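Submitted below is the structure of interest, expressed as structure tokens.
To keep things simple, chains are lettered A, B, C, D, E and F as they appear, and every chain counts its residues starting from 1.
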């Protein structure tokens, strides 16, 4: 049984590598390499897999999951510049893939190991990533 | 190959255990424990996994699946109070998880065993469960 | 210029008139007359029409509008039984139309008269009402 | 008869007034005043009102409207920092309201005066503005 | 007070004028002029404006409106080729604008004149028309 | 890690087998067997599974994936009659299942074998298929 809580955060970012030339950054990252940043409304689904607790009928209390997502992800990334404000991306390009890995690791450390976790992250309506820690 | 038919039902429910005190029910289920009930527009996706029939090009005829969902799920739960009107939840807390298990079992008994079934159930835009009988 | 803030509430309700016979209630309200209630995820858009404040660039601060909607609508209707828990519907059938009128009046009394208000309320994906106080 | 073409752009922005103190900017704009910017996936609907051309059955050719929106709005704002990269917002706070006014004026100058124009702009799923030039 | 019922139909169509040359049809209608047709999932919102009936709390019974839409629109256009199967478009180009006018007239003749009607029709996620009979 | 790019195409089709009688085609395919065709707005999600490239932070450059989808799927099926215009369906019933298989094979031949591919295809809001080449 899997359960999911959905959340959102609105952030600025820029895709680039400081060790690459401008030419190479533009060739690979195109308009996502705008040095003044652009931004997205990120939509996140956090899926938790586990057994139903026969006492409560819940896999996990989604109110508790909501609070963990708020503390670990929303407070950290919402209305932030991922490149400048977030130490997680000081040395890591904030692609959707890397945001998913960082978010997974943040949640993994706060959620009981008896649960499996997977994340689905929309950068736009058309660009989506999914990650389950493997 | 998996195929899916989507359906909806609108129901009232209350989360609580009759064997718990009011204090414990409120502590665990919060506002979902309102003794006068609240309700949801449930959205259900029924996924069927199987081989494509080379005759028809269908895994399963979705018109037939639609009718099974209507007979087994919609007629039973739509415009009902899950706690009062539905014997399935007389002794089972109608959490989204338990609604998914009950719905799975109802559909499993009507759908050929050669197919695997999984369900995705939205209680709200933000709360989702997924169940595949395991 | 119009601006909008979206909100949600999940409620149980029943459509019926206590002064009508069961037969008439069933003839007019059908399955919505289930005496044990059913429920919906209501989605509400609150639209405010006014001038842009040249100081802020806002018609109205949507954070303030969000709080007014929370205090006046969400706290009152969310996870409630509209017929039983909400005095507004003690003598008023909680159709989507009447929920919109009641919500409009509640908001109208809290929002500066220089603004026009209109509401759009989804009872389901397919049933919607719109009201602007006239 | 009104017709609409939908479009998207992804931008960074910051809400603040350079002539205000940090304290006042924070009091009014809150986390939207992050000096390092945040961002959004803006969704824009451009509505054109006019008569149906009996020759074509179109009010306006939506392929042409799509190109105008691309040239005037998407090329200008997509993957840009509205405050830094866009001269339109050098002296104008890039609230959703002001983005709508600027976009309206840009489109108004390129679209035949026989048509009325109105814009609907989503900054997030929950925050929307609508503007028709009045 | 306005109320709305949403509906869907899936149709094939082709945009062209038989009195124009192939060159002109291609120049104006582009790939929509494919002589073998293409198709769409049309989404229709039918909005009815009127007074709330104080007896029922309804502007109009949406179950009745649903049936009228089914009889007049869905039965006529769903799983049809608009150009070939539908006499309404034998001499009228089936643009979204013209489908809206035809649908409006079909509904207008079946709905009490005390109500105003307006239609919103999605041809795709990005192309929408709105018509209120004027 | 999986990444996804979403795309759309609008096509006409008809479900039938030329080697079956009209009676049998109607019994099995119902209104989908309209000899004059009907149509859909197909929505496609192409999911690519692979390792994150530590150089770029991408599993695959979604701009490149977008172009492959455009060349292989959109150019082939969009604004086409699947039965008449597309040789892929000359001898294959264009059910959603078969469209997914054909699309999978087209993409599989253009995408590096180090990636796994799976497709999710919406024929309507309610009818969906998923295929991963097995």
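One rule holds in what follows: a residue touches a chain if its C-beta (ideal position, glycine included) is under 8 Å from a C-beta of that chain, and two chains touch if they have at least 3 such contacts.
Everything numeric here is computed off the predicted structure, so don't read it as measured data.
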Exercise. Compare the two sides of the chain E and chain F interface and say whether they are made mostly of the same residue numbers, over half shared, or of different ones.
Key: same
Quiz item: Between C-D, B-C or E-F, which repeats the contact pattern of A-B in over half of its pairs?
Solution: C-D
Quiz item: What is the distance in Å between the mean C-alpha positions of chain B and chain F?
Solution: 29
Quiz item: What positions in chain E touch 2 or more of the other chains?
Solution: 125
Quiz item: Pairwise, which chains touch?
Solution: A-B, A-D, A-F, B-C, B-F, C-D, C-E, D-E, E-F
Quiz prompt | In the complex, chain B residues that touch chain C | solution = 8, 10-13, 31-32, 34, 36-41, 78-81, 84-85, 124-125
Practice problem: Over in the complex, which chain E residues touch chain C? Could you list them? | Solution: 1-7, 45, 47, 52, 55-59, 61-63
Quiz prompt | Touching residues on chain D, where the partner in the complex is chain C | solution = 15, 17, 28-30, 92-98, 100-101, 125-131
